[in-house]
Amino acid sequence: MNGSYATSEYLIAVCVLLVTVTATVAALTPEPVRQALVLAMLGTALTLLFTVLQAPDVALSQLGVGAAVTPLLIMLTVRRVRRSSTQQRDRERQR
Amino acid sequence: MNAWLVASAVLLTLGLPPCLWQVYRRTPQERLAGLNLAATMCSAILLLFTEGFNRSSYVDLPLVLAVLAPAGTLVFARFLGGQAAQGEPD
Amino acid sequence: MTLLFFLAAGWIFLAGVYGMVTSRNIIRTVGCLAVAQSSTYVLLLAVGFRRGGTSPYFTDTSTRTPVVDPVVQALALTDVVVGATVTALLLALALQLRKRHGTVDPDALTGLRG
Amino acid sequence: MSRRLRLALFWAAAVVFAVAFTAACTGLPDFGTLSHPYGSRAIAAAFHQRTANTISSVNFDQRAFDTLGEESILFAAVLGGLVLLRRARDERLAGVRRGRVLPSTRMFGSLLLPITLVTGVYIVAHGQLSPGGGFQGGVILATGLHLAYIAADYGVLKAIRPLAVLDAADAVGAGAFAVLGLVGLAVGAAYLQNVLPLGTFGQLSSGGLVPVINAAVGVEVGSGVVVLLAGFLDQAVEIVSPTGKDNGAGR
Amino acid sequence: MSTADLLPLAIAIPLIGAAFSALVGSRLPRVATDLLVTVWAAAGVADLVVLWLRTGDGRAVSWLGGWRLRHGESVGIVLVNDRIGIGLALLTAVLVLAVIAYSWRYFDEPPAEHAGTFPALILLFDAGMCGFALTGDLFNAFVFFELMGAVAYALTGFRIEDPRPLQGALTFGVINSLAAYGSLLGIGLLYARTGELGFAQISQKLTGHRADALLLTAFVLVLTGPLVKGAVAPFHFWLPDAHAVAPTPVCMLLSGVMVELGVYGAARIYWIVFSGPHGIPQHVFHDTFVAAGVLTALVGAVMCWKQRNLKRMLAFSTVSHVGMFLVGLALLTPEATAGTALYVAGHAGAKAALFGVTGALLDRFGSVDEHSLYGRGRELPVGGVLFVLGGLALAGLPPFGTALGKAVAEHAAQSHSPWLLAVFVLASAATGAAVLRAALRVFAGAGRRPLDRHEVPETTGGGEEPEIRGPSRRVPLPMLAVPALLLAGSLAVGLLPAVSTQLAQAARLFTDRVGYVAAVYGHSHAAGMPPAADWTAEGIALGLTSVALAVAFACAALWAAPRGGGAHRVVAPLRRLHSGHMGDYVGWLIVGVAVLLVAVRAQL
Amino acid sequence: MTVRHVCALVLLVLGVAVLLLSAAALIALPRPYGRLHALTPATSLGLPLVALALAVETGPGRSAVKLLVIAALTAVGGAVTTMAIGRATAQNARLLRKDSPP
């Protein structure tokens, strides 16, 4: 029984480490597209952590929100921003 | 202590860090590749948890991941490709 | 040793705040806010963990099984939803701001001061 | 404030915060403690309500009021998204070029779309039994719909995405939750009280009001996320700003 | 229907109304939607009025979902309040009704295919604020805090054609959300220690523990959210940026009641959760937050005086008044609490009226810049009268509610430390003077024509887009009638003795932790005697003094020779701190948390 | 230790080994395209093997069907996503070359 506790806590420790490192990298990534990808990774890592903490409900939400919707929204925002700066550059070239 | 949890621990410890490394380090396209492998790895780990924690309903998690991960990757790939097509060197 | 699980929450929060303080891109600021928020999930769920417990629903296990705290999970669930929606709203604002202001750099946003 | 000063202030404050938080954590009960008074009560209450998934019971019955607030936030975000991502007076719609899609992607997308929708419905329906519920399933449904964009192009997505209906469905879902609470008042019980017959433990229809609210949340989240994503997609793909305006208003 | 059931209805009514408005808004003509929403808001007001009357000098308690206490424990959420919280909810509902009436002809409804979205958001805002005011559960408070936040961000950024509202809304959203997550960390810590979420339940469980580092950290973190919403220095930076740019009806709600709710939340949480034995000692809260309140009041007053953008000026005056409210609540006496409650009610009417008139100006002239509007307001004499009256009310002219509340609070403050009196008088005089100066310049063309000097960065307020398309020749009737009614309301708060005696009794309950806990646990508990809250000769004299000071300041600004010098050297760096930079503001937020941690620790 | 259990363990070890190899290849291979090749074995072999191991362990039933669905989805999805990422990389590389100064 103790062995099972130890395995479970080892899993939790590894997942916490994964989440912490990924979160730190996500906070330090300066460029939004790359950050969106790291945030997707953070969502996946959080999913693992929640599962080993025996919270599959939260893990499922995190999977939907953190790994899919939030990064997608950031990508869409960046794309819109890119599009307007492309237009802008085209205009400047025409002048 | 059972084989399934040990296997998941092995994958967590040895399998995921290379994917993370890839996600942290390189260009968006390569990060995407790393993310893709990380999702596969997580699917495997979550599958192993099902048996490891002896809860058959945990299998919904890898199912959802298997459904969402390719979809997400395809969207990202499309945007990363489209971004390049509009002449936005990165 | 297990104290570190709680401390991780504090670290993640500070990392997110650091990212926001140093950000040169408002979209990144919003992303860092999401990072800072994930600290709350970690803290809540770590607080609710019970050694040897499994998840609190009883379709595939006996009703006598020791389980972890369901309340924090419900709180974390609410928190996830709140975080996602707020992030969406802020991103919508950032998007329009970029369109109207022509910049995503907070240093260049000088419309409001004094 | 200069960048350096800002950072110095941050580091000073961060050290204080870190010390205080560390000190606070030493006062917490040990990780994995066996004593969870509220949790134990919640489990007993969930048994009493014959809801197998205690988290659903907490979310949709015991602390349903929190969830009501949470769904209102989502509703507010959807309305806010509609407002903020509307087409401004000086913007117009551009024609969208047909995207070229790899044949394999097209096939896979069309294969995955029905599977995703079935999964989403399954996750919503089993909310009070196993992990999942209205929110999680709703997000999967909404994401699944966007496979149409991957598999084909934006036009197809627009064709299978009845925004007006989804808009209304979102409002109906959000309103239904608040109205369902009135059922309790109508029969002389408290607001949001679970007054429906409770059914058998472990069955799909067990839990009284829980599956009903769960379904309302599923409808709201599913349609709300689609509407929200539609706002962003329109901005990202379709809406163009007039020349000179992109940079012009900032002065 | 029992009294208890009215509590959740106060939140459910606007929620259902919001869904309904969003649903039918695009299918009905504009007038029908407006009418419907007005009726709905009126229903919310009616519910709260009945609740106010039925609650009497006691507390209303409602266990949601019927999860009553069993063996002294419950798994549900409790809504519990006395007339202070109910009064705030009522104030919210009344202001929402006023705002809806004000914007009858106001918005052009920009998302054409989604008419009804704006009123739906206002109703959601209403629900969020009522929920926050009425709840007795910490996590539930967080949820409603976020609800009012999310709606407020969206409403602040409503005018997407102009970059400034978007920037203000984004800053608002980022800072407030971050603070809310800090609060949630604190809630997590408290839950770990006590295993409870209700205010009263946590308070009961905390009595068994020492006041250690965990309690201290949880205390500061939990209060971060309300303090940021309450714009207490140094958490106040987001407020002027957001309030200066939000659409006028939204400003009325933000300044009139949302900011005050933040201070209310901080005081409520301290009183019930932390003030018990083994909690945070009263002298610690008192000293820390009187200091914070004084700082806020002075910063707000100085910055208010220096503004030329009318909306930003009003926003800073809100900061200043919030500082005074915080001082009043931090005195921790029933008398000061009663005074503050009266002050908040009077202030809400006056401030909302001032914003309303400013909205009329913006609509008519497309500007809210004091300098460029010089003399142009002569066409709008009614607006001028209302603006001057509003300024006098802010300065504390008897018999406005502001004067009564300020007098009662001042009396309580004076018996504690006399110098606080000077802060109250100076801050209210300065904010009133700024408004009077602007009123005289804009509506009467008094003084010299102001020169444009650009020594310090500032937000002028010129070049705003009018909020109504194609400014009409005549200002719509509701845009002046509503401010007039709001001022009348502010006057009524001061004139009706029933209001002040009832609020005094409520303040007695507000400061009675034991009674609150007993009410939640279903025990009876005898309340003490209510404090006196009525006009005194001293109060009237103080009110007249600050009005006289305000008039003197305003006249000096208009006609005296301009002087540079010492004051400028203090004020310019302060103005530079308000840089509009998001990173700065986040930095200030974490610095504020650190300062509070250190300050509270040092006094324990 | 029944035969079925042994079979499951063997499949599990094989699956985990393939996944680890893929991960190692991801960082060891030198060029971006090479690294893309590392994805294929993991999705088309590694994860299906693991799922199969679990299916063998649990025996026939509804959960076994779910496991096989997951395996099939990942295998097909993996191939498709690899192609899509490859295309994105290619587009990026080509256009970068075109945009770069002569």
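Going in written order, the chains are labelled A, B, C, D, E and F, and every chain counts its residues from 1.
In this text, a residue touches a chain if its C-beta (ideal position, glycine included) is under 8 Å from a C-beta of that chain, and two chains touch if they have at least 3 such contacts.
Since the model is a prediction, treat every value here as computed from it, not as a measurement.
Enquirer: Just how many steps, at minimum, does a route from chain B to chain E need if it may pass only between touching chains?
Expert: When the steps are counted carefully, the minimum from chain B to chain E is 2.
Enquirer: Please name the chain that ends up farthest from chain A once chain centres are defined by their CA atoms averaged.
Expert: Comparing chain centres, E lies farthest from chain A.
Enquirer: Quick check: how many Å separate the C-alpha centres of chain B and chain D?
Expert: 22
Enquirer: How many angstrom lie between the centres of chain C and chain D, each centre taken as the mean Cα position?
Expert: Spacing between the chain centres: roughly 15 Å.
Enquirer: Suppose each chain is reduced to the average of its Cα coordinates; what separation in Å results between chain D and chain E?
Expert: 30
Enquirer: What whole-Å value do you get for the distance between chain A and chain B if each is reduced to the mean of its CA atoms?
Expert: So the centre of chain A lies 11 Å away from the centre of chain B.
Enquirer: For chain F, jot down the residues that touch at least 2 other chains.
Expert: Chain F, residues with two or more chain partners: 69, 73, 77, 80, 84, 87.
Enquirer: Which chain B residues touch at least two other chains?
Expert: In chain B, residues 16, 32, 34, 53, 55-58, 60-61, 63-64, 67-72, 74-75, 78, 80, 87, 90 touch at least two other chains, as defined above.
Enquirer: Would you pick out the residues of chain E that each touch at least 2 other chains?
Expert: 139, 143, 146, 150, 153-154, 157, 160-163, 189, 191-192, 197, 579, 581, 583, 587, 590 - these are the residues of chain E that touch more than one other chain.
Enquirer: Mind listing each pair of touching chains for me?
Expert: Taking the chains two at a time, the touching pairs are A-B, A-C, A-D, B-C, B-D, B-F, C-D, C-E, D-E, D-F.
Enquirer: For chain C, which residues count as touching chain A in their complex?
Expert: Answer in residue numbers: 2, 4-5, 8, 11-12, 15-16, 18-19, 23-25, 27-28, 30-32, 34-36, 38-39, 41-42, 45-46, 48-49, 51-56, 67-68, 73, 76-77, 80-81, 83-84, 87-88, 91, 94-95, 98-99, 102, 104.
Enquirer: Where on chain B is chain F touching in the complex?
Expert: Within the complex, chain B touches chain F at residues 3-4, 7, 10-11, 14-19, 21-22, 27, 29-30, 32-34, 36-37, 40-41, 43-44, 47-48, 50-51, 56, 59, 62-63, 66-67, 69-70, 73-74, 77-78, 80-81, 84-85, 87, 89-90.
Enquirer: Quick one: which bits of chain C touch chain E in the complex? Just the residue numbers, please.
Expert: So the residues of chain C touching chain E come out as 9-10, 13, 17, 20-23, 26, 29-30, 33, 36-37, 39-40, 43-44, 47, 71-72, 75, 78-79, 82, 85-86, 89-90, 93-94, 96-97, 100-101, 106-107, 109-114.
Enquirer: Residue numbers of chain D touching chain B in their complex, please.
Expert: Contacts found on chain D: 99, 105, 108-109, 112, 115-116, 119, 123, 129-132, 136, 140, 143-144, 146-147, 149-150.
Enquirer: Of all residues in chain C, which touch chain B in the complex?
Expert: Touching chain B from chain C are residues 54-55, 57, 59-61.
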